[in-house]
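Next up, some structures in structure tokens.
Shared between the two complexes below is chain A, which has chain B as its partner in the first and chain C in the second.
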Partner chain A sequence: MTNLEKYTNVFVETFEVDASEATGLAYQSILAWDSVGHMSLIAAIEDAFDIMMDTDDIIDLSSFEKGKELLAKYDVEF
Partner chain B sequence: MLEIKHTTIRTLSILGQRGAFGYALNELAKENEQIIALTSDLRTTSGLDRFNNAYPERVINVGIAEQNMIGIASGLSTLGFVPFATTFANFASLRACEQMRHHMGYMRENIKIVGFGGGFAMGMFGITHYGIEDVSSIRSIPNIAILSPADSLETVKATIAAAQHKGPVYLRLTGVMNQPMVYKEDYDYEIGKAVQLRDGTDIAIFATGGMVHQSLQAAEQLDKTGISCKVVNVHTIIPIDKQAIMNSLGVKLLVTVEEHSRIGGLGSTVAEVLTELDEKPPQLLIGVSNEYKPAGSYEYMLEQYGLNFMSITEKIIKRYGEVK
Partner chain C sequence: MMWNFRKYSNEIAVISDKGERITYQQLDMFAEKLIDNISERCLVFSLCTNSVASVVGYTGFINHRIVPLLIDSHMDPDMLNSLINEYKPSYLWIPENMAEMFSEFKSIYSDFSYMLKKTNFDVAYPLYDELALLLNTSGSTGSPKLVRQSYSNVESNIKSIVEFLALDESEKPITTLPMNYTYGLSIINSHLYIGATILLTDKTLMEKSFWSFFKTQEATSFGGVPYTYEILDKLRFHRMELPSLRTMTQAGGKLSFNLHKKFAEYAMDTNRDFVVMYGQTEATARMSYLSSENSLKKCGSIGVAIPNGKFSLIDTDGNAITEPEVVGELVYEGPNVTLGYAQCGDDLSKDDERNGKLITGDMAKIDEDGYYYIVGRKKRFLKIFGNRVNLDETESLIKSQFPGLDCACAGVDDKMYVFVTNDLLIETIKKFISEKTGLNSVAFKVIMIDEVPKNDSGKTLFTRLEQYYD
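Take a look at the complex of A and B:
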């Protein structure tokens, strides 16, 4: 499985959406991505890539695309 | 009720104790229709947004009216509801102290007060929002259980236990978002039953709230200097676990660590147990000194009052050198 597939899968499983819908998601764009859903997403990303994200990055992860950009800091390449 | 997976614990850790409380209350509400939330203009800050979205008819925002909130909670409890009323720790314990005394201490209504911002968690909000005298105020009122969880997972456990407990509870929340995990897997929690997290023979540290993690780190530092240190998580200050104290009388120094005034909190509670004994180890009370220092970020305040793990280690080494 590629990193992009793993990353997309995290959104699919956390928010129970289709992969096609996941790529366009942003914070609070759906009901499930609220503050609690956000922390569940972060925990799932950390688990998937075996990383621990900094608090600033946790707050900055405001969309599917932004998350890909932030994960580069943790040597996750897409 | 709630499946505790690795990712759940990490999610709770990122949320911090306030978010973890809201998470737990939402889960409780699914199974218990009597659960109801009250807040004094702090719904989002209390982590109650998801609860509010799911059960808007079970959330009462009373506005900035903490005293009135206790009275409303008391009325609801007489009707069989289980009210969780949230506000800052100092607003509950100081502004609404008399209402807590009457409705919770005297009338023993089944009210759960959630005091968040215990210690210095409110950071840049400043001294007016710090909760450093709340335990000492509430502890002198009979019949109120005082819970002080060590991390976010324990906050969930304490919230569930508070809902099941018949009688008044004060749930004191400390720390900020991304709080360190003391517990990395599920465990058994019982009100009034302290948890030994680490064994040791020279020193016993009794810590509560966010200071539990700092104390574990201090114990690791002490271990490097050849000092064997036990750490006990006192997640319930009232009723205090006397047996846990009795089990530690053989150490050379007993230390209490709390993010609260050294007057009237955990240290005083432990001292009141020790003073009734003929044979006891000396006690070192580590907590907030009786003065107001300039306000700042959470980490800055811990540093100023000597409550980060390095300062705790230094204080213990100094006192241990005097008594061993």
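Take a look at the complex of A and C:
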């Protein structure tokens, strides 16, 4: 699985959406991505890539796209 | 009048994350402009957000003896409509972007992106003279059951809170809870009483903009439910630079022993206060507090009754329990014990049904030093992210939507288990619960079972369902 597939899959599983829908998601754009969903998302991303995110990045991860950008810091390349 | 805003006229009352800064004098003036449109004491539904308009409306209503029901502006529209039909409010105070939902009602005033709508019911239920406001306890299931709070309930609780937290005008609490939630409301109530400045935001702890608002406005305190502290822990809160922060309070359910300890230690190490409290909407807001000095020593405790309040424990026969470490039902007495419930419009004229005494429904014990510990709950509800979720109501909500399905709801705080007898419907039910109650699907699990275990008289055997818990 490529990193992009892995990353997309985290959104698909956490928020129960289709892969095509996942790419356009932003915080609070769907019911499932509220503050509770956000914690699940971060935990799933940390698991999938075996990383530990900084506080600043956790609160900055406001969309699918933003997350990709932030993960570069943790040597996750897309 | 509940709040004497003239006393603090030029002090800043609220600052919003949209950049608005409103003095006490302005708050008074904006409220008066709004109230000018309402001719007499009546019922208003106030759809809450943490915004200037919401505070202007609320304080104006209370100060001018108009009775608001405070509701979450995100409440499911069907449930909201059934509440409106049940209680027939004379007016609605709503965010402008919800205007279309109530297009049948005429808009008569607007300010700060809120709108006052006049309803067209031909009757209005009489209101008991001391009734100040209405709050729901279990809003997510759409139950019409409301708590009736009086003016003296609210004022006495404010005074107790100001005293035990030693609040003064230099405080700048930031909102982390909805205003229609009794705990969030008590923070607003008490800080406006002493001339402090409230930082208003609907942003969550998960958003960068929340923390930048916190830092630029130098928030001094916040309140949180157990889940808030779980989030803060995961955000590695202890590493954040928040020089302005003085006090953290916790209520809305029992914090785990480990998190209580962790935050008490953090507070001690950084010279801050961490105050665990206990309360219910039925007691206006607060009933007890554990002072910061005792937070570590009495970890896991809800502390002692607030000033002017009194706790006792009773056994199943109603006899007083006096020995330490014996579990009984917690009883609270104090001027903040609310009038009672309303189930329908006619109940709004009811007077005080509790006479200052509340049987809490929580099971507790006392230690040798007189500190109270909650150990369980008598009634069938869970606290999910600080909100009461009534299990029987949730069951009937599901059963009425899916006829022919048997269903049982059970679980532990922050995790409800919904047992159903049809696996084809699991996804649909999940979606239904999420949409109706606003609960994130992380908070519950729908599990298929062959049949709901019942005894001979048809009562569900909930203990048999515990084997399915994670």
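In the analysis below, the second predicted complex is superposed on the first by the 78 of 78 C-alpha atoms of A that agree within 3 Å, B and C clash if a C-alpha of one lies under 4 Å from a C-alpha of the other, contacts with A are read in each partner's own complex, and residues count from 1 in each chain.
Just so it is clear, a contact is a pair of C-beta atoms (placed from the backbone, for glycine too) under 8 Å apart; a residue touches a chain by one contact, two chains touch by 3 or more.
Quick caveat: nothing in here was measured; it's all calculated off a predicted structure.
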| item | value |
| --- | --- |
| Fit-or-clash call for chain B and chain C when the two complexes are aligned on chain A | clash |
| Contacts of A:47 with chain B and chain C, given as first, second, both or neither | first |
| Partner chain(s) touched by A:76 [first = chain B, second = chain C, both, neither] | neither |
| Touched partner set for A:36, first chain B, second chain C, both or neither | both |
| Comparison of chain B and chain C by chain A residues contacted | C |
| First, second, both or neither for A:27, with chain B first and chain C second | second |
| First (chain B), second (chain C), both or neither touched by A:62 | second |
| First (chain B), second (chain C), both or neither touched by A:10 | neither |
| Chain A residues contacted in one complex by chain B, in the other by chain C | 31, 34-36, 39-40, 42-43, 55, 58 |
| Residue ranges of chain A in contact with chain C within the complex | 16, 27, 31-32, 34-40, 42-43, 54-56, 58-60, 62 |
| Touch list for chain A against partner chain B, complex | 31, 34-36, 39-40, 42-44, 46-47, 55, 58 |
| Of chain B, residues touching chain A in the complex | 6-8, 10-12, 14-15, 19, 22-23, 26, 47, 49-50, 53, 177-178 |
| Of all residues in chain C, those that touch chain A in their complex | 204-208, 210-211, 227, 230-231, 234-237, 239-240, 385, 434-435, 438, 440-443 |
